[in-house]
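Let me give you the structure first, and then I'll get to my questions.
Each chain carries a letter (A, B, C and D) given by its place in the written order, and its residues are counted from 1.
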C-alpha cells in the first residue's frame, strides 16, 4: 500500500474511531451515504451482540471533500462511539482519572490480551483489548467504502457473501459458474449474508444453538471483485503480487486465520490439468471459460473476476468462559468476559470487501496514476482500448 | 518489511540471480555453507525435472561480509545460472542480438504469461516467463538462509515439511502435539519431505502416476518456527499483524493459492470453546497446553511455536498441454511447453521457510533494534528476563 | 519514517486538523499540556496576521492515551479550526452546498495554487490552498510534541531559534560554541525568537517596515538536538542517512527552500583541514572540541549536538499583490489575497523542531526497538553502558 | 521512493558494486552505453586521486534487459572493482582469512569511521569505511543513468555543473536567465565541470594549491531538470513534496552538507515581492518570466526548469592528517590515511544528477503509472494535451 496509504486510530470505548486515507484522486463524488450504508451493513447480521443496536455508526467527513467531490488531499473520517459518555472516566486520557474502573486482569485466550500485555508492558488488559477489539473494523469499512467509490468509477465492483458458519456450508460460489452479482444480491437479503436460502436457515439454527449453549461460531466468506482489467499487480517481485497483497489485507482483519485465492487449498489437491483456466480469444478479446485461479495468475489480474475466501475463527469471547490466569497473582481463574457477538461472519465479509477495495484501489493507482478522476479515467480508458487491440 | 529490506533480480535463463538484503546487524557469523545447504534442499525432491540436475546452485557473497562476519552493510548474493552459456544469445541484453531465438507466442494457462504480456506490452511471452519462473525462488532461499542465521542467534528456528501432495495427505502436524523438530528431522530424510514414511510412499506413487500420465501435482506444506518469544508483531494496525505479514510473504511465493495460520480453515468450522488455547502459568511463566492458534493471537506471537500452512497449486506447465491461443494470430493452439517439474511441493516448503525467516527477522529487529549482534542479543536478553518476571 | 509513521489531514478552513501517529511505545506519560504549549509557541511571533489571535489552538487526544500514559496504539490528535462556523457553507463537504462562496480564480505566485490546480484538475484554487496552507503545520507541531516527549525520556532535547529575518542576522549559533540551551532560553523570551537581543530589535524593525510597505519577509532558523547518542542513522544506504532524513523532513515544511547541516554551505567554501572535528578521548569517552559537522558524520550521529538550519522564503501572499492570470479567462489580473502573515519565521522554527523530533524518534526506535518505554529505556541504557566501554 | 525502488550494495575494495532497480516500465531502450558514459563522467575531474585511473568503471547488465529493451522486471547492474585482486585477502568474506591485513584503528574525523564503529560494534574501522566510501556512488550513477533514459523518453533532461570549488565561484546559473543546456554543454568541456571558463581557471588553481599544501576542497554544484511538466509531487503531505524528496536524495549523497531549491538561502534574505515568479498566460499556456522558486511551488513542479544546489564539504581524508585517537588504546594519534581525492565536486554533480533522475522518475511513474513505455507515454501525452486546454 504505497500509492494509497491509510492509518486508523481509536479505542473501542474511547470517543470514537478515526481514519486518514491519503492518495485518492481529486474530483471523485463522495458523500457519507455509501460510507454509512456499509457501516450499517457491517452492524447487521444474525448473531450479533447487544452493542450493534447501541451503535448505528455514522461517518463524519472531517477533511478531503468539498461540495461533494474529493479534493486530492487526505480524507479524514470520524466515527463516534455512541456509548462514550459511559466510558469517559474509564477511558479517560487524563492521568488524574487513573483507576476510574477496575482493571482487566484475566486475559482471554484467543485474543491479543496476554501477548499484548507482555509485549507492551501493561498490567491492565483493557489497554490492549480496547485497540485489538473488532470495533476498529468500522473504520476499515468506512475507508474501504471510499475506495469502492473510486473503483466504481472505472467499473470495478467488490462484493461478498458468507459461504459457511460453523459447519453449515453452501457450495454456491462465484467459482462455480454463478454470477457474483446474483449471489451478492441474494446475500444482501439474508441476515446471515448467505446467498443460499436453504443454508441460511441452517446457519441461523447453528447460531441459535451456539447462543443457547454459550459458545461462538466462525465461518468463511467469499469476496469477488468484478470489472478488474487484466494487468493489476505484478509477477516481478513478491511484494507486488496482487494475490499476496490481497492476502495480506484479508489476513490483517481481526480473527482471520486463513485466506485462499480461487480454488485455493482445493486446487492443491487436484491434478494440474483439471484446474488451469484455458485461454480463448473471441469478440471481447481474450477470455476464459473457467476461473479456478480466481482471476489471478502469476500475481497479476487476468480479467476474470477476482475470487478470494477467508476463514474467520470463532470469536474467542465466550459466555462459557475459558481457563486463564490472574495477571498479577498468577492464580488460575476464568477469563474475563466483555460483551460480544456469537457470530460475526456476515460482518466480516463486509470488512473483507473494504480491505480488498483498498488494495485494488492502490493497485489501480499504481498502474494508471492519475491525480484527478478525469486523469485516472483517461489513462484507464487508453489501456482498455489497447487491450482490445491485443 | 521495513527494518529489513530486500530486492531480488534475475531471469531464469539470464546470467544468474541477484539479491540484496539490507538491515542485517553487524557481527553475525555468515558463510556460504548454510546458504548453499538450503539451495541444495530447494533443488531436491522427488518429481523434479531435469533442470535440477543441471543447476546445483551455489551462492557467492558479493558484499556485506568480511572475515566470516556481517558488516552491517547490505549483503549481496549472486547465484549463477549454470546453463547461461546456452542462452547467451537468447537472453542477451544487446539490441543487436534481437531475435536470437524463437519468441514464445502461445501463453500457458495458469502462468503469468498472458496477463503479463498484456500488462507489460510484450509480444514474446519469454519476456514474462523468464522472471515469473520459479527459478527466482532460489534467491528467496539464499536470502532467507541469511535471515535464518540471525534468528538462530537468538534461538529461533524455522522448519518445514510436506503435509500433502495431491490427495496423499499426512495428519502429522506440529499442531497435533508432535514435536516440530522431530517432524522436521524425519522430513529431511524423505525425498518428498514428508515426515510420515507411509504417506511418503503414497506421495511418490502419486507423483509417478502424474509423471506417466503427463500432468502435475500440487500440495500443502507446513512451516513451524520455534523459539519465537511472545511479543513479535502487533494488534495495533492491520499491517503490523504478524500473521498478516507472514501470510503476505507466503502468498508472495510463486504458485501459492492459500495460506492458513494454526488450525486455519478448520478453526472456522469448530465451536469457539474447542479451539482457544487456554492460559496457564507455571515454572517457565505463561504457557498453553494446546496450539490451535498456531502461536499467534491478535496479530502477536504468544510464545508457542508459530505454525503456518500454504497450498501450492499444481505447476501449470504440463506435458499434456492445455488449450491456448497464438498471441498474434489469435488462432487456437496448444500452450507452449517449457521444461518443468511434475511436483515441486518439497521445494516449496524450503522456500516457505525462507520467506517466514525473512519476516520473522524483520519483526525481531523491529522489536529489539540492534545494529550489532551483541546489541540485538543484549536487548533480546533483557526482554526475556522481563518476560520471566511477568 | 518506517518504525514511526504519521499522516495528517485537514483543510485550513475545514472543521479542523487531524493527525495519527503510529508506533509510539506504551507507557510514555502524555498529556495535552506539552502539545498545547508547542501549539501556542507556533502561534506567537512578531509579524503574525490576525488569524493567530482567532485561533489559540488546543489539541484533543482522541486515541492512544489512557490515564496519562500512551497505550502503544495509534495516537490520534484533533485540533479544531476556531472559525469553522464562518466557513461551514464555504467548506462544506456536501454537494448541495456547492458554490457557497466565490471560487478563487487568480492563483498566487509562489504558492501551490496554479501547479496544484493543474495537477488535480481544479477550477477553484481554494481546493488547493486550503490544504497547502501553513495551517496544516499546527498538526505537525502537535505530533512533534508527542515525539519530543519520547525523546525527553531518553535525554534528547530539540530546540530552535531564529538566525535571520530578511537581512537582519545574528551570528549566535550552537556551532559557535554557544550553549544551545542558553540560546534557546533567550530565544523563548524574544517575540522574534532570536537569542540575540540587539538583533531582535533589527528584526522587529524589518518586520515593521515590511508590514508598512506591504511585503513579506523570510529568514532562517536553527534547530539543535542535544543528548543524541553516537549511532543514530547509518552510512550503509542513502535513505538511512540521518542527515538526509532530517533534511527531508525540514524540506517538507511549507515555504522551506534550503536546509543545511552543521556549517553547511559555508563548509563547502573552507579548506578541509579547517572544518573537520578532530577526535579526542577522555573521561566521558570520545569527544570533539568543535562541531563543524553539526553532530553528523557519514550519515550517523556522532554524539555532538545535531545542528541544522533551514531557509524559509518570504510568504508569497502579499498585500501589494503580484501579477497573475484569471484561471478561466486567462486575463491578466492581480493575484488573490488571503489573510496572511508578514513574517512567520519564529513559528517556522517551532515547526522545524517538530519535524526533527519526529525523525529522531523514528531513528531512536529503529536503533533501540522497544514496545514500552521501559523496554526502550532498558535497551538505550544497555547501549549507553556499552559506549562507555569503548 | 515507492513506485521505483532501489538498493545498492558493495564495499569499496570488495569484488564490486551491485544495484537493483525495481519498477522501470518495459520497453525502454537500454544499453550499457549511457550508463558507462555517466560512470566515466563521474571518474573525471581535475583533482581526483590516483584511483580514478585504475578504475575505468563499466557496468554489466545482469538482469531486466533483453535485446536492448527493458523487460519490466528488476534491473540489476554490476560494476566490478578493478583492484579486487589486490584485496581478495584483505576483504575476503571467509572467516579463515581473518586478519589478512592490518586493521584500521585511527578513525578519520569527518568520516563515518568513529560513529560507525561505535554503532556497529566494530574494532576495525575498515568495516565501516569500505561501505561509507564514495566508491558506492558509482552505483548511484549507474542506476541514475537508467532513470535518465526513462525521463528522456518523455522529454525530461537532468544536467549539472559546478558553481564553486572552495572560494572560487561563478555566478552563472540557470536561475540567472542562462540556458541550462548551454551551461551544461560548457561544463562538460571543462575538467572542473564549470561552465565559466575564467572561473574554471581559478578553480584549478585552488585545487593545485590544496594539493600542494595537503588539504582538500569542497564546493557547490547545481542540478537542472528541464522538460518537467507542471504537476509532479504534491502539496498534500510533507513526504509527497517534490522539493523535499529531491532534497532527501541529494542530502543522501556522501559529503553533502546542504541543499537548496531555486534561490534557496538567498531567497530567505530578500523581500517577498522580489522573489515570487509572477504568472502569465500565452501561446504555450501558463508561463513565468522568472524562476526564483527553482521550478517548485508548494511542493509541486510548476513547469519551469527545476533548479537545485548542493554543498559538498571538503573530503575529510587529508594528506596533512588530523588528530585522532587509537580505537583500542585511546592514545592520541594522527588519523589514518586512505588514498583519496583533493577535490571531487565535479564528480559530485554527476552523482547529484543520478539521484535527481531517480526521484523524478519515481514522481513521473507516481503521476502517470504505466507498465510499458508506450503506456507511460500515452498517459503522459494525454496529460500534456489536457495542460494545453487549461
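One rule holds for everything that comes next: contacts are C-beta pairs under 8 Å (C-beta built on N, C-alpha and C of every residue); 3 or more make two chains touch, one makes a residue touch a chain.
Keep in mind it's a predicted model, so treat the numbers as computed, not measured.
Novice: Farthest from chain A by Cα centre, which chain is it? Let me know.
Specialist: D
Novice: If you tally contacting C-beta pairs, which pair wins, A-D or C-D?
Specialist: C-D
Novice: Compute the distance, rounded to whole Å, between the mean C-alpha positions of chain A and chain D.
Specialist: 43
Novice: So, what's the distance in Å between the C-alpha centres of chain D and chain C?
Specialist: 26
Novice: Would you please write down the residue numbers of chain D that are in contact with two or more other chains?
Specialist: 7-8, 22, 72-74, 119, 121, 131, 231, 234, 236-237, 367, 371, 374-375, 386 - these are the residues of chain D that touch more than one other chain.
Novice: Which residues, counting only chain B, touch chain C once they are in their complex?
Specialist: Touching chain C from chain B are residues 2-3, 22, 72-74, 231, 234, 236-237, 365-371, 374-375, 378-379, 382-383, 386.
Novice: Once bound in the complex, which stretches of chain C touch chain A?
Specialist: 5-11, 14-18, 20, 22, 25-27, 29-32, 61-69, 71-76, 78, 91-100, 119-122, 126-127, 130-131, 371-375
Novice: Quick check: in the complex, which residue numbers of chain A touch chain B?
Specialist: For this pair, the touching residues of chain A are 1, 7-8, 107, 109-116, 118-119, 121, 128, 131-132, 140, 164, 166-167, 210, 214-220, 230-231, 234-239, 241, 243-245, 247-249, 251-254, 256-265, 267-273, 275-281, 286, 288, 293-294, 297-303, 311-316, 318, 320, 322-325, 330, 332, 335, 355, 367, 386-387, 390.
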